[in-house]
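First chain A sits with chain B, and in the next complex the same chain sits with chain C.
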Partner chain A sequence: MEEERQRRGGGVRLCCLCNRQRASLKRPKTLQQICRDCFYRVFEDEIHDVILSNRLFSPGDRVAIGASGGKDSTVLAYVLSKLNHAHSYGLDLFLLSVDEGITGYRDDSLLTVHRNQIQYGLPLKVVSYKELYGWSMDEIVKMIGVKNNCTFCGVFRRQALDRGAAQLKVDKVVTGHNADDIAETVLLNILRGDIARLSRCTSITTGEDGPIPRCKPFKYTYEKEIVIYPFYFIAAATSTAAFANPSPLSFTYAYFKKLDYFSTECIYSPNAYRGFAREFIKDLERIRPRAILDIIKSGENFRISTTTKMPEQGTCERCGYISSQKWCKACVLLDGLNRGLPKLGIGRSRAGITGRKDRNENYGGKSIDNKQCGTLDF
Partner chain B sequence: MIKSKSSSSLLCSSLSLARVLGFLRTTLLNMQLTLEFGGGLELLCDSKKIHNVNVEQQNGEDKLTMKDLLSWVRTNLIKERPEMFMKGDTVRPGVLVLVNDCDWELSGQLSTSLEEKDVVVFISTLHGG
Partner chain C sequence: MACNGTGCQSTCYKDEEEPSSSSSSSSPCSKPSTDSVKPESTNVCCLKCKLNDAVSGYGGVDDGRFCADCFKSNLFGKFRLAVTSNAMITPTDEVLVAFSGGPSSRVALQFVHDMQERAQKNFDASRDRSLPVFGVGVVFIDESAVLPIPSTEMEEAVEVINSVVSSLAPPMKELHLVPIETVYSSNSSDGKEGIIKLVNSVSDPTGREDMLLNLRMLALQKVASEFGYNRLVLGSCTSRIASHVLSATVKGQGYSLPADIQYVDARWEIPVVLPLRDCFAQEINMLCRLDGLKTLQLSTGPSSSINGLVSSFVALLQEENPSRESTIVRTAGKLIPFHFNRIPEIVDGNVPLATRRRQKRYNLKPNESVSSESFCALCNSPLDKSEIVDWSNVDNSRSTDIFYSACCSSCQFQILPRDSMTMEQFYMDLPQSVIIRAKQANNGNLSLLREQIQDCLLSDGEDET
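For the complex of A and B:
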């Protein structure tokens, strides 16, 4: 087999880290050509370093992993429980999922999360829109149509995750946002001129002043590597090395293979606006993979002039959730739904907005938190 | 009437020319490959993830490259929204390609040459996570 490989492509390139095995991946971050085993090591080590150097956790922390059943949160749940074991972080980990109530979409991806619960031995909590707000996304869409429904979904999801986290009494919530996602968000915030979000979207931990901070251990992790991680895992399972050192975790390789994270787009909205930024980021990555980290870096280095008036954070008079307005966005939207005026919270209410801005609004310029549906995002 | 006659005879002659060319070639390349689509790409080809295919190389070359395979896949497997899979003559940025578990960026991307029983994997990273 090796012979055949050597014949092809004029010789085998060896891993530039171990110099022993055949390189099978080009790392976007460093352009290094590395082998599968080294990939596992550096992938996990880097996340461990990010966790340590940013002091993301303290021993004894209860941590909820925002789990959508998609690739990022699935890999995050696995890696975090592995690192927690291997480096004795002393964390109590939970899976936390939000059921938006989208038939044929979320019900399927929740099955994946239920499988993860068994595979990783992590307790799972599911909070649903229906139980929290009295409305499922299916019902909301029935009322308002497919346009603009992402506003509801995004706003509700953010709160739902916080409420679920409060019910679990956790100290922190982690999410699977990766470097590509964050670079995308930086661009979107610049395009939308959203200074407040631009200044906080690159922070690895947010909401430290609030009840439950959130952090993103994958902030510096490329999407390409997250996608390839479970894939190589399957391949590695067939090598003898993997069997000689079985994982201490209670899961089987076959499971991981079967797992095959959920990857269908939300049936209600492809979210075109973020899609453009996403495609642009991927185009950049092809030319120069480091561009992704560079964009994050520039986002971090933005300094907002001290004279800029920033929205003040207060609490919602109605539900007590953090809000810069009298009522939080979820309460405004919910009020509209319950009064049969669902458009209430969608358009901009301020006077003197030009037609151009209205158009932006229609293109999904609602909240940067509305990442492509299918993600537990905010 | 005359026009259609001449065009059909033209077709005939080009067909026979093709046949002659086919004879001239020593072997007709017919390669067995396993193609795997993931990350949502399977939805573009009948929601089937794994395809065992026989790819015929028609243009007289005696080898098959990834470039050839991509155009073959586009014509023969992709049933809808080809723009989700390809951009120009290559895969759309954000689609990961592995040839025998190896990142195609290491083997020369489009110029990677394929051999019998190779396994080619396409995974889209463009979906939400």
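For the complex of A and C:
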């Protein structure tokens, strides 16, 4: 923007949307130069449109926001409660968090979620592994050691979220998956040959056959814009010396060393593969911002034969959770743990739950095929 | 072919890692040369013949399992299976091989030649001579008009190409050396000017590359059609196709993608076939090394396009897991192909029964393929429903607007100029064949739309198109 001003001899570059205020940022999604107010307007309007055009909610719905404490779910919680108010969606919103029981890892983010609860005035529910499964993640790791194809994180976290949602008696769960996450998942499913998941991963709502549907209001929202969104709030809060007494609008979220999406990854052995794809998408975005939306569009338009279906879902005989097998994946894993045979669970469950036939070759533990922890479901 | 088609030359111009003319043809088993064989594998016996030492360096999951001879026959076997099970080449065919000088099209040419040679032998040996031998021609498209290729390099390339083609006889093969500006029907100096203007008016680097691919396909089709060929063979290998799968996905071409990656693509006047669809770039490079096949790569300058980015991404993935490329192609292979992804005459009696039976076994089921009648005016990719625009109600619309609407959204974004002045010029500079196709496409769209809304139309006879 400095350059721009100089080139125009000190003249001020106006926002290309309102043509009134000074442009203060280049919108990542479109590269338009826009003002701060217009940024907030388009950011929120787009999400509102997505919610309306996809009929994500009905009036009176109880909706749980999967809150990890990271930026995506924090911004989602804020924007959703704002839109709920502004457009009278008539939703009862809740924050839902999972405590895996990992010393030092979740402490930060759970603290953040607790703070968000107060800031946004949303009731918070935390479900813990210990209480749900009788095992904390720390204890599981003590038992099985650090595996490079850990099955536990993904399976347990997904089920924990569903169980928490059931306890809250909500109609829907919303998660903070953004456009970058979805584009990445499309690519990963192509790379690992998972045609069944490829056919569903761009749906804005999933699990409609299951107990509680999940949706992604940020499906078309760029990660960079989610990062920008709280920026001015934080800046404003700092400048007005509101430091000691945070305004109700200030944003608090945990600064994970890695990106937020990492919270869905196995904490102990993050998948190198996802890193490749994530880097690739960042490179693409640099050349052509629209590429992220184009990947999602491709994912939506793929012609996938109706014979490629996910296995039929039943319910777990042990816990009642949806499962294509007699026992759900979590129960198989837990059974293994409780009998001191965790490997049994891993081996049997792998082919079981997804019905995939792919060979999970591991090349130095970096294989993309071990997606257990990488499934972006939280 | 979509905007970034799997055109043969693309395989060979840019995407091969080891394209240099390699002369090391090692003797297969006892004394392998060090550059192509890992030292630890020298003592491993070939899994297939159990006679010779295995060689490695050809990548994939079978790397290091076969000896040179078994590797070669295995590779040729993949080619032949693709040809026969898809009825790519039958005895009466005239086959045009698109040759860029790169390893993939070099191997495609070699294999087609080997097949032709065998057919000739059978013909000479047979008493009744009932089965004719298919004809083979070779085409090279000279793109120096629009690519920064040094003229000396191009002269050398032409020499190499001449010597390669003349060495592959008998049977004799006609060589067509054609400049890319041949897509203009008028004299070539006009054409050269036109094509430079056309390509330069595309500002997006990826769009420019893809525009060139479109023009290359037009040129290949033109040569094939003018000289009476009925098949166009491209050297697209698994690795190249894997890159195309990701590029197309990234460009939002998910709908049309399956059209480009099948063995057969008969949406063109002359059906295009990809017999090396199941062969890896590494295998192809290995064969070139083993057999001392001469290849060349023209220096075309650096690429900052999405295509280039995707290629290096796929190379990284393949390094990390040697079966990644085939997994990508396998995934995309599960997408539903189009009705034109098969040799059209397959239903009539010209095709031997055995082929038809194989076709049934391997190829798409007819009812599963998508029936689409509308194609992008620029890249000829099938349009998805949302891309089809009805112009029947718009009077006096400008021809450039109509053309714009006849293009897929990907071409609209990355190729067509934004401002109307440049667009006007772009349209004027287009080869006539593209304009004609656009007009046909619009008529096609119209009838397709009419079909969909037929029950809503009150009277049909009023506005004939």
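A few points about this structure:
Basically, the second predicted complex is superposed on the first by the 294 of 378 C-alpha atoms of A that agree within 3 Å, B and C clash if a C-alpha of one lies under 4 Å from a C-alpha of the other, contacts with A are read in each partner's own complex, and residues count from 1 in each chain.
Quick note on the criterion: a residue touches a chain if its C-beta (ideal position, glycine included) is under 8 Å from a C-beta of that chain, and two chains touch if they have at least 3 such contacts.
This one's a predicted model, so the numbers in the text were calculated from it and none came from an experiment.
Contact with neither chain B nor chain C is seen for A:214 once the two complexes are overlaid on the shared chain. Contacts of A:223 after superposition: chain B is touched, whereas chain C is not reached. Once the two complexes are overlaid on the shared chain, A:276 sits against chain C while remaining clear of chain B. Once chain A of one complex is fitted onto chain A of the other, the partner contacts of A:172 are absent, as it touches neither chain B nor chain C.
Residue contacts after overlaying the shared chain place A:68 against chain B, while chain C stays out of touching range.
Legend: residue contacts after superposition of the two complexes on their common chain; A:305 is shown touching chain C, with no touch to chain B.
After overlaying the two complexes on the shared chain, residue contacts for A:297 are found with chain C alone; chain B is out of touch. By the touch criterion defined above, A:163 reaches neither chain B nor chain C.
Once the two complexes are overlaid on the shared chain, A:195 sits against chain C while remaining clear of chain B. For the contact definition in use here, the residues of chain A common to its chain B contact set and its chain C contact set are 283.
Across the complex, chain A meets chain C through its residues 186-187, 189-195, 198, 272-273, 276, 280, 283-284, 287-288, 290-291, 293-295, 297-305, 308, 361, 363, 366-368. Listing the residues of chain A that touch chain B in their complex gives 4-5, 8-9, 13, 22-26, 33, 36, 68, 70-73, 176, 178, 180-181, 223-224, 226-228, 231-232, 235, 260-261, 263-266, 278-279, 282-283, 285-286, 371-375, 377. Contact residues on chain B toward chain A in their complex (touch as defined above): 38-40, 43, 92-94, 96, 98, 100-103, 105-108, 112-113, 115, 121, 123-129.
Residues 204, 206, 245-246, 248-255, 257-258, 304-306, 309, 313, 316-317, 320-321, 323-324, 327-328, 330-332, 334-336, 368, 370, 384, 410, 413 of chain C are the ones touching chain A in the complex.
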